[in-house]
Structure formats: C-alpha cells, structure tokens
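Each structure below appears as structure tokens.
Two complexes, one shared chain (chain A), two partners (chain B, chain C).
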Partner chain A sequence: MSEIRKPRALATQAAGKAGKFGRANLAATLKAKEEGKKVAYMYINNGQDEIVRAMDIVPAWSENFAGVCSAKRDAEKFLQKAEAENFSRSLCTYATCTIGFDIWREELGEIPPNTPWGGMGRPDMIIGSAQQLCDPRIKWPQATQHYLRDVPVWMGTMYYPPWDQISDHRDQEELYVKYATEELRALVRFCEQHTGKKMDWDRLEAIVNLSDRTWDVFIDTYELRMAIPTPMDTGDAMNTMVPLTFNLGTQEAYDFYKELYDELKEKIALKKGVTENEKYRLVWGAGLPSWFALSDFQYFNDKGAVFPVETTYRNAEKIERLDLPKTNDPLEHIAWRWVRIWTHWYDKARKRPGSLPKVERIIEYLEDYHCDGVVFHCAYSCRSWHAGIIQQEQVLKKAYGDVPTLIMEGDIVDISSYNEVDTHNRIDAFMETLGAMKRKERANSAGP
Partner chain B sequence: MTQVESGNYFAGVDIGSTMTKVVILGEGKEFCLIGPTGPEHRKMANRVMEEALRSASISLEDLTYIIATGYGRINVPFADRQVTEITCHAKGMARLIPSARTVIDIGGQDSKGIRLENGKVIDFVMNDKCAAGTGRFLEIIADALGVPLTKLGELSLSAEKPASISNTCTVFAEQEVISQLAAGESIPNLVAGIHQAAATRIHAMVSKLKFERDVAVTGGGAKNQGLVKALEAKFGFSLLIPGEPLVTGALGAALIGKEMCARAARKGVTLARKPRQLSEASFCC
Partner chain C sequence: MADEQLSGLATAAKYYSDYGSRARELKSMGKKVIGYFSSLCPVEILTAAGVVPVRMKGNVSEAITRADAYMETMICPFVRNVFDAAIKGKYRYLDGMVMPHQCDSLDRTSDIWDYNLGFQYYHFLNYPHLADDPSIEFTNEILRIFIGTLEKFTGRNITDQALADAVRAHNNNRRVMRELYGLRKEDVPRISGAEMMQVLIAAVSLPVDESTALIRRVTEEVTNRAPGFSAKKARIMLVGDQIDDIAIVNAIEGTGAHLVMDDLSVGSKMYWDDVAETGDLIQGITDRYLNKLKIPTTFVSAGNTYEENLEARFGHVKSHIKDFNVDGVILFIYKYCDPYGFEVPAIKSYIESVGTPVIYIEDEYSTSSLGRVKTRIEAFLEMIAG
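And now, the complex of A and B:
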C-alpha cells in the first residue's frame, strides 16, 4: 500500500505542473498500445530522444517510472518481485523496481493492480544507452529481455573523450563525434526496421532545432536562480527537470520553460524567495535524490537554506557556449552536442592544479550562484554516479578551499536505506556549522 | 511562552540513544546527573532533570534557559531550544579540554568526528548506518561473550595477543567472535581484537576530516580504556579524555544556553522560553 503523506510545498507553480508531464508520459505508453503505436523502453540522458520523437515512437522512461513508484513510497512490491528472481538489493533500484514491475505484468498479462500512475505499457522495443560508467544500463535491457523474450533490444554506446590533466581532449574529439554519429545512424536503422517507416530527415532536423532552443531557454531560466533571494531551489528543480529529461524535442517542453522563465522573472521583481529568510545558499553538488524523501528539501528551506543550483538533471548548456561546428547532418549535430556537454568543464579543470571537471563545475556554481556550501547525496544502489562523491568532496576542498560540505545517505528507490532522524540530525549539524562559519566571516570582516 | 528576564541557572539535557545526561550550571557550581534513556525519552528526561534539580536545590522555574541535545532532543517539551550534539560536544570539549582541535564522540548508536576552532564546529563526520565503531557494536559483542559492558575495557588490558577480527560488520563480527571462542581463543584476546576492529573503523572515519591535535574522546566509548588504547595505537599518539566524558554534550548545551542569554542581554532582547512544566510522557495523538 502506498503511504498517504502531506504534499510537499513547492516554490513555483511550474513545478506543480511538471508532474502532469510525467503522468502524461506514462499514460501515453498505455494509449499507444490501444492505438497501435510503437512503444520503446528508454533510459534518460541518452542523446536518442529526438530520433524516437521523429519516428513517432512513444518513449517509456523506465527510470521515471521507478522514480514515481519511489516518490509514492510504493516501490517495495516491485523490488521484492525482482528480489524473488534473485536480483540483488545492491543492484540499481531503478532497474530492479522496473524489472519487478515487468515480471509481474508478464505474469498477469496486464498492469499489476494499484501500480502508481497506471504503470507503463508493454514495450515493442528496448532502446538501451550504455552511457559510460553506468554499468546497470548495459545489462538492464538484457535482463528485461529475459522476461520479454519477443522484444528486440538495441544498445547504443555514445562515448566522449576521457578527462586527462595534460592532454587536450580536442585532439580526439572528432573521432568520438564520428563514433557517436554512427551509433545514432544505427539506431535510426533499428527504428526504421521495427516501425516499418522511413526517417523523415527534415522533421528530425526541426526537432533537433527545437531541442537546441529548449536547452537555451532552460539555461536562461535556471540562471535566473542566481538572484538573491533565489526564486526557485533544487526541491522544485527535481520536478521542473521532467520536460527537459523526458520530453526533449517537443513544443510542450519548450513552452514549459518559457512559462517558468516568466514566473521566475516575476518572483524576482517581487523579491519573492523560496524562504522568507534566506540565510544559506547551497549547491546540490552531486547525486540523485531519495525520491521518497523529497520533503528533505523543505527541511533545509525551513532552516533558511536554499539550493539555487544543482548539477543533477542539469544536462544542458547554452548552445552558443558549446561552440558546436556547423553541420547539415542532424545526427552529427546531436553527436557534437553530446560530446561537448560532457567535456564542457575540461578546460577549466586543466587550469586549476589538482582539480577535476566535475569539481570545476561545482566551483563555477559556488561562485556564480553565491553559495556557502555544497551538499551531496550518496544513493547506495547508484554506484556509477555516487562512488566518486567522496573524491569530489576531497578534491573540492584541496583544490579550491575549505568549503563546508555535507554528504547525505540514502537511495533513489529503496526506502529501507533511509533514516529520517539521522538525515535530519546531519542537516541540523550542517546548518549549525554554516551558522558558525557565517559568524566567523562577519567577525573577520568587522576587523579587530 | 514566557519571556526570559533574569536568572542564574542554565541546563543542558542530552538524550542519547543509551543514556540521558543533565548538566545544570549555577553561579560557580555545576551539577550533573546521568541515567539510562530507555524507550520513553520524555519520561527519562523528566526523571533525570528532577534529580538534577534536587541536587542543585532549585526548581525547574529557576532555570533561565534549557537546551536539549542528542538524538532525543525533540522529546524534551520543557527545553527552550534544540541544538545538535555535534555543536554541544564541541562547546563542552572546548571548556573541558581547551587545547582540543578534534573531538571523537563514541556514543551508543553512532560515532562522530568533529573539528573545532575556538570552540566552534568547522567540520564533522558521522558514521553511516552501520553500527560498527559505535557503542552498540561493543554492547552486542559483550553480550555474546557474557561480559558486562563496563568490564570490556579492563578485560582487554589483560590480553596477551589481540585476536584478529576481520569483520567490522557487527553481525559478522559477532559470529566470528563466537566461532573463535569455540576454537579456544581467550576472552581478553577477543575483546582486545574487537576494540582494534572498532578503533580501525573510527580512525578511518575521523581521517576523512583533516584532523589536528589535540584529539579528545568523549561519549561512553571514552570510558572504555581498551578502546582508547586501541585508538591511541591507530592514531599513534595519546588521546585526551575529560574527567566525565558522558556529560560533555550536556555541558556544552548548558554553556550554549548561557552564551545565548548573555548575547541576548547585550542586544537588549529577550529570549522566548517554554513553560517550566515536567509534563508526563505521551506518545498518543
């Protein structure tokens, strides 16, 4: 049974509307089955969104589904289903939640009862993206296919140049772009084969262009959060990321950020912040949140702490800042955008001894958004992202200075990994540390 | 709520997972009381506070300001304010051992490392959800060996060769201890081995901080000589222990209350305080 909980307070109206995107995306997968449209299981931040949209394939975002189950505190039944099939609890709980749901749906021949937001439609294909470092995303589609034997799987691998302190990634950049472009071309062939349709290249180009404009308006909007007090924090951004992450290449996503832009402008003009008394500004430095405990952002806010910026789900940049080479091939454009977003902080990191691109990004946010500290979240089952958090924290302190940091612990889906009392205790102690630091700064600036 | 006007007594109430501690600071006098926490935090806070008030020969109404700390701090209805045990331990230790720059608090349910500067916390680290390196770890092992928890430290000092305990996981370490016991290992050697395992865990955690000397130990773990000895071997230098390590947090809480009142008085503001009433524990809505 899902737990009935008090709704989380949101600072923006747009954040409240973002849930409708997620709900509509899931509903679209069910409707597609009725209408005979093709449904594809997909995985976020994959560079494949626009191809699928141009081919009229309806994406079913597995990670989103697991996140919804987690936020509803109703994932345990799916985790247990997967566990009964010998999937370990220490595996990615996005994967095990969704696989548990798939197993159950296959057993019943219909959506399992009381599945949050109606569940996901059965896929006609699985489009995997073995994004570097995320090992579950290599095996997850194959594990799913074990239960959905008739569903074809395509696995793309879009690499980007690795970070190196001394060598310039641009020396090899074109090779990576060429490889990524070929991968995308192979995906087009796979989609054509399984839909029986040919790619409309003009349509794809228009969708890619719309995505570029969406990235631009997204960044313009999010940069408004530099304002003091900030009009929106990470608690809301965990909602407002939905259109960018799951609806890229659609007019609705673009319009959503235009509307959010206007809302934030208005709030700034009225000096209306997330909290009445903004005392501390923090960077959400890394990590997926515990979706079942998003009210922890509220806990921070109630203590006067806000997050004007986060690295999580900010997978976009102003297109002009990426300085993408001109090309008439929309696939090559996607590939350049992909490679350049991943290598965006390489140059800056090279200039600071001992730094790393991920750390450099945090430093940029600390400075641009006038932040006092950094909070990380370690989700135990997402090792690919979270394994490097302690290193990032230590490199940040070594390369940049003794910035107050907090590492929280939990999981993305598995609520048994979370201890609310302990988490709040850590937050309280961190707030007191920030308070002491601020008082010291004030005393130092007042002079002897 | 009534307003603070004047007064000379400040109380700190530290409700830890295992023990409840109360410190009352009066004019030139300090009173402290310690009792087990048990499942009903509020009831125990009341009981220990009543005894502390009796020792100080004052009434609850005489307390100018009360600060609650520890895991059960929200379960002290008569406390005027809650402050985390991290800040309170730092403040208390700055008073007890002014040279301390790093504090290790080994409590019943968790352990922490705290870096301080002029009595203020500048960084901290806490153990994760794992019980290894906490009082609970030692409690479970003591139970498995049939040895009173308070005797562990003394017993380990007579070890000839500490047993090698490879697991820091409490459950696995307990199994390992039982199997080594069955294989004929002596209890003192096993206890010393367990202290080494706990010390390894605590040292690794505190090393995440760029700790500076002097390093002081507080909490119930500081009363265990065997654990302190094992920690000193890991750190490679002597650790400092206050006279009564259990009350460091409660003392810090009382000191913070006193400072807050002094600061408020300087600014000419009054601090709000809760009704001075020891209400019965109630867990009903």
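And now, the complex of A and C:
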C-alpha cells in the first residue's frame, strides 16, 4: 500500500517565520543593485558575516540557495547544467546546484525562468573561507569564477587546533587565533578596497556584541527543548537555524530567538509537545538533512519519536561557557569565538577514555535532553560533515554504551539519491529497536 | 643497502611489487619507520629526524573488504583503499604516521586512522589552504610543532645541521629524478611510462640516499639503451592525484601511445621544485610546500585577472606539454574528490586553449573498471590520430 505524503507540520510559529528570513535574504541580493549596494557570495559559519554586515555588503548565501532549490525539489535542472560542464555528480551538490544556476544565468543574462524564490543576484565579489572542514569552500569560489571571470575572489581561513588525546590544545590556541585574526583583517582590507568605504570599527564592535547576545539567546531558547514533552524538534530547527546561520549580527536575528524563547516557554507551560504521545527522544547526531525530504521528521513524529536536540546548525554556545579571553579587538574576539566553538569539547573528551570531542557532544546531549537514541544522516556528496559518522557511532557505543543508533543515507540536494520506502523501512526498524529497549528498561526497573 | 645484484630497473620493479620491503628490513635493524600521505608531507623533516619515511599507497587490484566498516563510501576511494590495507595489517611495520591536511578525505578521517591503527606516533599536520603572509607564518609554526613531536618520539633533537643535510639530500633526489624525467623528452622515450611508474613508487619507499642511488642507476641503464626507432606514437601526459599503479599506465601504453609526462602527486609534482638551501630552512620548507608545490588544495590568489590566475595555477602543465612535446592529456580524477573535481572545467579548457586535446575520466581507485577506461582511452587516441 502506498503511503500518503503529509506535509510536515510545524510545531512552532517561529519555524514558519524563519522561511521569510531566507526569502528576504535572497530578495536582498536582487534589490542590492537598485540600492547601490555590493553583493558577495558567501558560505556559512565562516566568521566573516559580521564584517560584511558592518561594511553594508549584502551576503548571498550559496548554501541557502541550494537548500531552497532542494526543498522545492527543483534542483535537478541546475545539477544537470553543472554536470554538462564536467562537474561530477559526486561533488558537493550545494556547490554544483549553485554553479549550474550561475552558468545558466550567465548564458541568459538574467535569472533563469522559474528559479526557486527568484534566485540570487549576480555577485560583485566572492568571499570564500578555507575552513578546517570543507574543501568546496576553497574550490567552489574558484569554480564559480570560471563562469564569472570579472568577479574577484577573496579567500580566508578559520582553522582550529586538531584534537589530540594527549596534548593540550591550549598550547596552540593562540597561534590559531592570531592566524584567524590576521585573515579577518585581510578581509576588512578587501571589503574596503571593493566598496570604497572604510570600516566603521565602532559599528563592527556593536555588531559583534549583538552576535554574542544572539548566541546566548539562541542557546537559552534551544535548551528549553530539554522539557518533556519537548516543545520543538529538529524538524523545526532546520528552519529556525536560518537567522543564526544567515543573519548573524542583525537585530532581526536576535529578536527572532527572543520571540521563539517566549513561544517555547508558553508551550512548556501548557505541556504542549511536538507530538501528542512522546514515546522516544532522539539526538540528531550528525549530518545535514535531505532538504527535499524534511517530511521524514514528520514520519518520526507520527511514530512518537521527537528530536529535542541536534548537532547540525547548532553552531553557537553560551559565550560565558567559551571562557573567551578579553580583547578590545572585535576581529580577535570573532576568532576566539570560532576557535573555542570547536575546542571547548576537548577537555571533556579527554576525561573519558576512548572518547572524541564530537562524541562527547552527543553524550552530553543524550544526557541533558534525556534521549534514548541517536540518528545520523550521511549525505553522499558532502565529505565535510558526513565523513566520520560511522566512527562517531562506533566510538559512542564503545566509550559510552550500547545506545540505539540509526544512520540514514541520502543527499542534501540530489533527490535521485533518495529512496523514501527504504528510508521509512529503516526508520520503522529503528523504532522497533527503540521499543524493545524501552520494554527491557521497564522490565528491569520492575525488578524480579 | 639496495640490492646490488639486480639492475636498477629490476630493483625498482622489486620494490614496486613488494612495496615497503626495504622499510621492513630497516625496521628489523632497529630503524623507526613513519608512513605518510600526500605530496604535502615535508619529508625533509622526517629524514632529519632519522626515521625512514614511506609514502602510503593502496592496491588497485585488491577489493575493499574491511574499510567500509570504518569509513563511509563517499570518502576518496584511494584513502579507503589504503585504510583497507592498513586495517588488514599491511602497514603493521610502521612505527607511526603523518597525516598532512590536504583534503577533507584525510582531515575528516584523521581520527579513524589514529583511533583504529594504534600507532606509537601519529601526527595531523594542519597545513592551511592558503599561501598568503599569515599562512606562511602559521605554517612555520605548525612545522616547528611537528618537529617537536618527532623529537619527543625519537628522543633526539633535530639539529640545524641534520635539517640542512636532509634538505640537500632531498633536493638532490629531486634533481636526479628530474634528469630521469628528461630522458622522456626524446621521440621514443628511453624509459617507458610503466617503468617510470615503478621507479616513482620505489623511490618513495626508500630512505632518501638509497632512493637517489636507485634513480641514478636507472638513469645510467636507460641512458645506455640504444635510441628507439618506431612509428610516430601519441605522446600522452597523465594528470591527477595519487595514481600509483601501472595498471592505468599499461592501459595507455597498451594502446600504442607513449606516456611521456605526468602531473601526479607521486610524480612530477614531487620533484619539480626544491627547498631553498640558504636562509631559514623552515621558511624554505614552508615556501616549497605552500607556494611552489602545485596542488589544488592550496588556493592560488596570484594574478590580476582570471586568465592570469589560471596561468599561476596551471602554467606548469603548459610548460610540461611544451617541454615533453605532449599530444594529449588524460585527466584521471578519482570519484568523490572535491579538490580535483571542481578544477576539471578550468584545467580542461586551459589545456585545450593551448591546442592540446584533453580527456576527463572519473574513476575509482580500482582495476574493476579498467576495461571501460581502456575503451575511452583508445577512443581518445584515435581522435588524436585524427
């Protein structure tokens, strides 16, 4: 019998509003020319967005555009365009989707017909980031420039000390922060050169301060999800991540999370959960979602499973927990923030023999959010976030215990990688495992 | 010492076939052996530390049977194949391993290597992807940290003199290899592509002085060969990352072409540029590996225009095409390789712009698809022949 596809229900009103941020961000890139503003192609979690905001450059978030095309199930035409130019299907499909769009827009001299949400404006510059974790961040801008030859590319970095069980990362943190700060300073020079404006350092400081407060309110809000039943799950979080990820350093992003905080408080007071009968609580352990199959979260919810917490797009922490050294340099502050967001798990992992920072994070979420199992998603075209998931699963079981886990497979953009029936069968089997575990726990707690 | 009874080419063939055999001998004599990935690894520092560096490779003829339990299948097929060999115990003789930060498939699996193989020494060498001034300064420090970990592991200091000697030895090694490459410029190269591949692979499995001696012996032997006379054959250049097996070379030469040049990470990329022997040696090593070494994971910002930037990225390929009189280029890129994969349209059009035909082949690190690859190469050579 075929399944009836239900649209994904949103548990929060805020999640519904998050989409407007994404749409407005794309629209801003199209309007920028009329307003005399420069547009920069950018890539998320790069530590560069506050500088760009302070310089009044409009960021065009390429991953956001590709995600929208995926969610609309309308990415294939762009993927094929890129493939025709010899970009392999095995490469990052965020990148190939956007490059396909760029190629087509250059051919037409205008936005290709029926582009989801109106597409993105042609950039005046491309700001890349050779981060620790993503090769496409350096190759994608170069590949794009092959079709937009007049558009300058700037590349920065943001690395963090590698994890090592025996050596103390603090010995290297300052080296990494100094390096990252110098790269951010070079970005300021690039932006000044291409806008003809000087950086307003007071304004940047105010934006950085606002970002700190946004991180704080974001975490305060998300930690409300520890409540039982949880008032919001990962299905919503894949929407509510938009302001943090794409609008950091804006008052609108801060206000969004204040509003979400109030909404979740109200739900908790009313004991209103994501599902009427919350049976299983799960950690979304790693992996970007299949944007074209977000309804899978609904499938989990329909079976009484909720995700009160996820590692994906939770790229923030309470500032006080990061214990950032004091500095008057906003660029150095940004650098410390982005280095410590990774290294602040290291000490905890070092204390548990055989653990790893990423696994320690999952363990913390399992305990704090009272979860029963962990679900991962492995996207075939993205090595940066998805290589090493098997390792995380194995280390989790070895270092912590036999937690039920599920690794789903698919992609972020390429729908041809996805098999709904197979995915749902796997979820069903996982639910049976969780059910058996719960029955065993009940039997054990009942005693002999 | 290397086997003096065999000819240079036969010795190379032996070390190629029984990869790591000399390192195992040295290990049994008490030497420490360190495996490493990538042309980014500063082998000078390993040599100066008194350890035997061995470039890690896989086996294209062996199916991956155990790595899939540890690594996702969308990781670079070469990396998975090498891990498969390692988890099966084929690198049990290593005392340690160096993992340079070349790409995501190495970076994101670093914990998997460290965690599951239990080497006494493991170091992730966190190279940046840029070569601007802050990156140079950062890399100098990263190399000093690397040296510190090696000193701790071996229990002896790496002196300035030891580093200077190692730099000179590796420069010498590169120089003699370039001389051997030079013998491929003739109409009928003195050394075939398959022989050259065996020498290249043997060379990275030996201590540097033994490697240099072997290359010299091979050069002497092939120089003494009578010049070849044959009908005009297509002269092919192979471009890619770690292609380290003669299977693909045989597929090219089996169709009647000469493989005369490469831009591979086990080939010319390793040998074309030296470390400056004067001044600050660490700075010289950084400069060689970040600025001079042409690999797609190091972002090149040079040039005021896109066309100038292409010259900075791929100009060396154009020089090779001219110097070795190349008729056609095979871009052989592994599936799931973002760094090389995203370059394909740019490098392909760049090479074609100088009038040299290019075929792009995406494949696995495996002989399972060799038949299909061979068919495509045959069609390409027919096209070149016109």
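Keep this in mind: the second predicted complex is superposed on the first by the 441 of 448 C-alpha atoms of A that agree within 3 Å, B and C clash if a C-alpha of one lies under 4 Å from a C-alpha of the other, contacts with A are read in each partner's own complex, and residues count from 1 in each chain.
Everything that follows uses one rule, which is that a residue touches a chain if its C-beta (ideal position, glycine included) is under 8 Å from a C-beta of that chain, and two chains touch if they have at least 3 such contacts.
Treat the numbers as computed from the prediction; the structure is a model and nothing was measured.
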**OP:** For A:436, decide between first (touching chain B), second (touching chain C), both and neither.
**Re:** first
Original post:
Which of the two partners, first being chain B and second being chain C, lies in contact with A:404: first, second, both, or neither?
Top reply: first
**OP:** Figure out whether A:416 sits in contact with chain B (first) or chain C (second), or with both, or with neither.
**Re:** neither
Original post:
Which partner, chain B or chain C, is in contact with more residues of chain A?
Top reply: C
Subject >> Which superposed partner A:328 touches (first chain B, second chain C, both, neither) >> reply: neither
Original post:
A:277 contacts which: chain B (first), chain C (second), both, neither?
Top reply: neither
Subject >> Which superposed partner A:444 touches (first chain B, second chain C, both, neither) >> reply: neither
Subject >> Footprint overlap on chain A, where chain B in one structure and chain C in the other make contact >> reply: 390
Subject >> chain A residues within the chain B interface of the complex >> reply: 390, 402, 404, 409, 417, 419, 421-422, 425-426, 428-429, 432-433, 436-437, 439-440
Original post:
Mind pulling up the chain C residues that touch chain A in the complex?
Top reply: 69-76, 101, 103-105, 107-112, 115, 124, 126, 128-130, 132-135, 137-138, 141, 145, 296-297, 299, 301, 305-307, 309, 333, 335-339, 341-346, 348-349, 360, 362
**OP:** Spell out the residues on chain B that touch chain A in their complex, using ranges where they run on.
**Re:** 71, 82-84, 86-87, 110, 117, 120-124, 126, 128-129, 208
**OP:** Note which residues of chain A are touching chain C in the complex, please.
**Re:** 85-88, 90-92, 95, 128, 130, 132-136, 138-140, 142-143, 145-146, 149-150, 153, 155-157, 159, 161-164, 172, 175, 179, 182-183, 186, 356, 378-384, 386-391, 394-395
